[in-house]
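The same subunit A turns up in both complexes below, where it pairs with subunit B and then with subunit C.
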Partner chain A sequence: MIRDFLVVWRERGLLIDGLENTIVLSLVATTAALSLGALLCPMLMSARASARLAAAAFVDAMRCIPFLLFAYIVYYGLPSLGINLDNWRAGLAALTLYNTAYMAEILRGAWAAQPREPIDAGYAFGFTGLRHFRRIVLPPLLLSAAPVVGNQVIQIIKDSAFLTVIALPELTHAASSIQSRHYIPFAAFITAVLLYWMLCLTVEACVASIGRLAEARR
Partner chain B sequence: MSAADIVAILQGAVTTASLSCIAIVLGLPLGLLLAITRWARVPGLAQVVMVYVSVLRATPLVTLLLLLYFALPNIGMPIGAVSAAILALVMNTSAFNCEVWRAGLMDFPKDQYEAAQAVGMRSLPRLRRIVLPQVFRVSLPGLVNEMSLLIKVTPVLAVVGVVDVTRAAVRIGAETYEPLPPFLVALAIYMPIVYAIVALQRLMERRLARAQAAE
Partner chain C sequence: MNSSAPSSRHDARPVLTLSHVSKSFGSLLVLDDVSFRVHRGETICLLGPSGSGKSTLLRCINWLERPDSGEIQLGGVRIGITTGGLVMTDRDLSRVRTRIGMVFQHFALWPHMTVLQNVMEAPVQVQKRPRAAVRDEAEALLAKVGLSDKQDVFPAKLSGGQKQRVGIARALAMRPELLLFDEPTSALDPELVGEVLAVMRELALDGMTMVVVTHEMAFAREAASRIVFLDRGRVVETATPNAFFTAPASDRARQFLLRYAGNDGRRVAGLEAGSPT
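On to the complex of A and B.
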């Protein structure tokens, strides 16, 4: 057993590359999904019915589709429509679009729970439209939504593992190749599991420190 | 895509539905057991459960599944694709269910618990007749939410060769060189099922909120 872990240690280059790719994928997808979600969120709360219904339809559709099936459709299905993406682009696009819906819904929920007064005060001071949203609504929104957003980031990290099926060289894919090369499944996958655990504990620690920041601002 | 292909995908749907149901039926009580172990602070075991839940909540299902499927035979426990799939789903969902149950247990009003103690109820009937019925009602929306999440991760089971909806659709796409139609059939199967569960969860949340407002 210890010998197996020594083999994993010798192959650490592969695992570290995989871990880096998982982190890059998750960071890019989180940033993009949060930004797009922040743009979609005002549409979800729009006074115009057409905008609201279209945004809600997108969000509901994404919440009902399994992520793996969505990734398959983006990677294998879109070429039928003339859109060809390599596995990196397809993986990132799938991860981002899918989580945009969740982020928008998370922000909407947090927005609905915000006190009305500062928002009205913002209007009274002459802020309107996007500027009002960006300067007045968004900052406290992000602070209060941080724990739920943190959970979604953990979800994104876990979803990124599914991209192994389109041969994206992330952490699970790296563990798979070490296991098939040396036939040491336990050592290879347990190491991957522990690395995922570390990543998620890091995210939880970040959320906790944002929570302390929000507490201090109040 | 022929009619036979659609039948093949529907057969995959039966597999997906059966595996999901088995995982839900096993995962609900197991999650409760884990939650009670932590809630009752069983020495030693409570800490084990805490680590188990923390690790499993952070582990992608695909990684867990590959670990079980390849590593268990390696340490002398032969396991088939379907058993590995069920084991992975149950381990995964029990960890999430544990947190939902535990939140319900932690919120349980202490005065009721002490009242039951005061009238001399023993701990097991106290749990079964006073605590659990109320905790079950409060936890139900969260548990149903976890069910929808469970169904959404089942396509991963195809990775070890379980012929579910997704694997059937992938195979047909590869055979006909037209992957989009079978994927759309798969979507048409998943979406209404997940939507129905999400709608059920919203309904239950509203009813619970109304019941709590009336109290």
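On to the complex of A and C.
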């Protein structure tokens, strides 16, 4: 058993590359999904029915597709519509679009729970449109939604493992190639699990520090 | 004692004119043909039982609620509807709203900003005034409401009375022509009401033009130039505080005073020996 882990140690270059790719995928997808989600959220809250229904349809559609299937569609399905994405672009697009829906819904829930008056005060003091959302509505939303957003980031990290099916060289992919090369599934996969766990602990530490910021303002 | 604004100032064009303003929520008529004027330097207290439409009326003035009919003018220019008869764009509404300060019942401070940032936010972001000058003015305003030492604190760390004084400083920082107060002391513990009323009294004496929705009868009596009494969405009575509190013209006002104005009210309502009805 120890020898198995020594083999994993010798192949650490592969794992580190995989870990780096998982981190890049998760960071880019989180940033993009949160930004797009923040743009989609006002549509979910819009007084205009057409905007609201379109946004809600997208959110519901995404939430009802298994991520693995969605990744297949983006990578293998879109080419038949003439859209060819390489595995990196397809993986990022799938991860981002899928989680945009979740982020928008998380922010919408947090918005609905905000007290009405400070938002009204924004209008009363002359804020309108996007500036009103960005300056008055969004910052308290992000503070109060931080724990749930953090949870979703962990979901993104875990979902990124599915991208091994489109040959993206992320952490699961790396562990999988080590095990198939050396027939040491336990050592290879347990090491990957520990690395995922480390990533999630980091996310939780970030959420905790945002929580402290929020606490000072609550 | 009953008026801080001499009547000679009233000849000028009114700051605010409401003509025949009506508003319904569904089938419920909340405001029914409300008209009155506010002149420069006046403090108008809107009194009336709960649910009489006072807060809705206040929110119609800056179009946080859209009136169904009637006309509201600020400095002679119609609010909410353009000269072409169309509903104003958000931009135009924004421009009007920056001329009207508003103080909210639950303070409505922006929780993610410090006290100073709250006061500076709209002048810098909406009015686009230079940050340094706004900062000086904001610090002066916070000094005026007695909160210089709190400027870098988040609202969550303040008492209700302090929050509301920040709310007033924030409204004043817009250099408004008119200040609206929506029950500014209703959410406060009784011992904190005084500090907020003191600031408001000072503003009234300084000649600020104010419309105040309140249940603080002592404040209304002492600081108001005029009382507008609302019941079931209608203006039932407009009077000087002295006239309103000693000899209200309507039965409804008498009943209202009886319920809300303590001993004063009972005397007015003729429940004490020797007083006229």
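The rule we apply is simple: the second predicted complex is superposed on the first by the 218 of 218 C-alpha atoms of A that agree within 3 Å, B and C clash if a C-alpha of one lies under 4 Å from a C-alpha of the other, contacts with A are read in each partner's own complex, and residues count from 1 in each chain.
The working rule: contacts are C-beta pairs under 8 Å (C-beta built on N, C-alpha and C of every residue); 3 or more make two chains touch, one makes a residue touch a chain.
Model, not experiment: these values are computed from the prediction.
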With both structures lined up on subunit A, is it a clash or a fit for subunit B and subunit C?
fit
Applying the touch criterion given at the start, work out whether A:37 contacts subunit B, subunit C, both or neither, answering first, second, both or neither.
neither
With the two complexes superposed on chain A, say which partner A:201 touches: subunit B (first), subunit C (second), both, or neither.
first
Applying the touch criterion given at the start, work out whether A:186 contacts subunit B, subunit C, both or neither, answering first, second, both or neither.
first
Classify the contacts of A:128 with the two partner chains as first (subunit B alone), second (subunit C alone), both, or neither.
second
Is A:117 touching the first partner subunit B, the second partner subunit C, both, or neither of them?
second
Which of the two partners, first being subunit B and second being subunit C, lies in contact with A:91: first, second, both, or neither?
neither
Should A:150 be classified as contacting the first partner (subunit B), the second (subunit C), both, or neither?
neither
Of subunit B and subunit C, the chain that contacts the larger number of subunit A residues:
B
Considering only touches as defined above, state whether A:165 meets subunit B (first), subunit C (second), both or neither.
first
Three-chain overlay, closest Cα atoms of subunit B and subunit C, distance in Å:
25
Along subunit A, where are the residues that touch subunit C in the complex?
115, 117-118, 120-129, 131, 135-136, 139-140, 143, 216-218
Of all residues in subunit B, which touch subunit A in the complex?
54-55, 57-64, 66-67, 70-71, 74-75, 151-156, 159, 166, 169-170, 173, 178-180, 183, 186-187, 190-191, 194-195, 198
Residue positions on subunit A within touch of subunit B in the complex are 60-61, 63-69, 72-73, 76-77, 80-81, 154, 157-162, 164-165, 171-172, 175-176, 179, 183, 185-186, 189-190, 192-194, 196-197, 199-201
Mind pulling up the subunit C residues that touch subunit A in the complex?
62, 64, 90-91, 93-95, 97-98, 100, 102, 104-112, 121-122, 125-127, 154-157, 170, 174
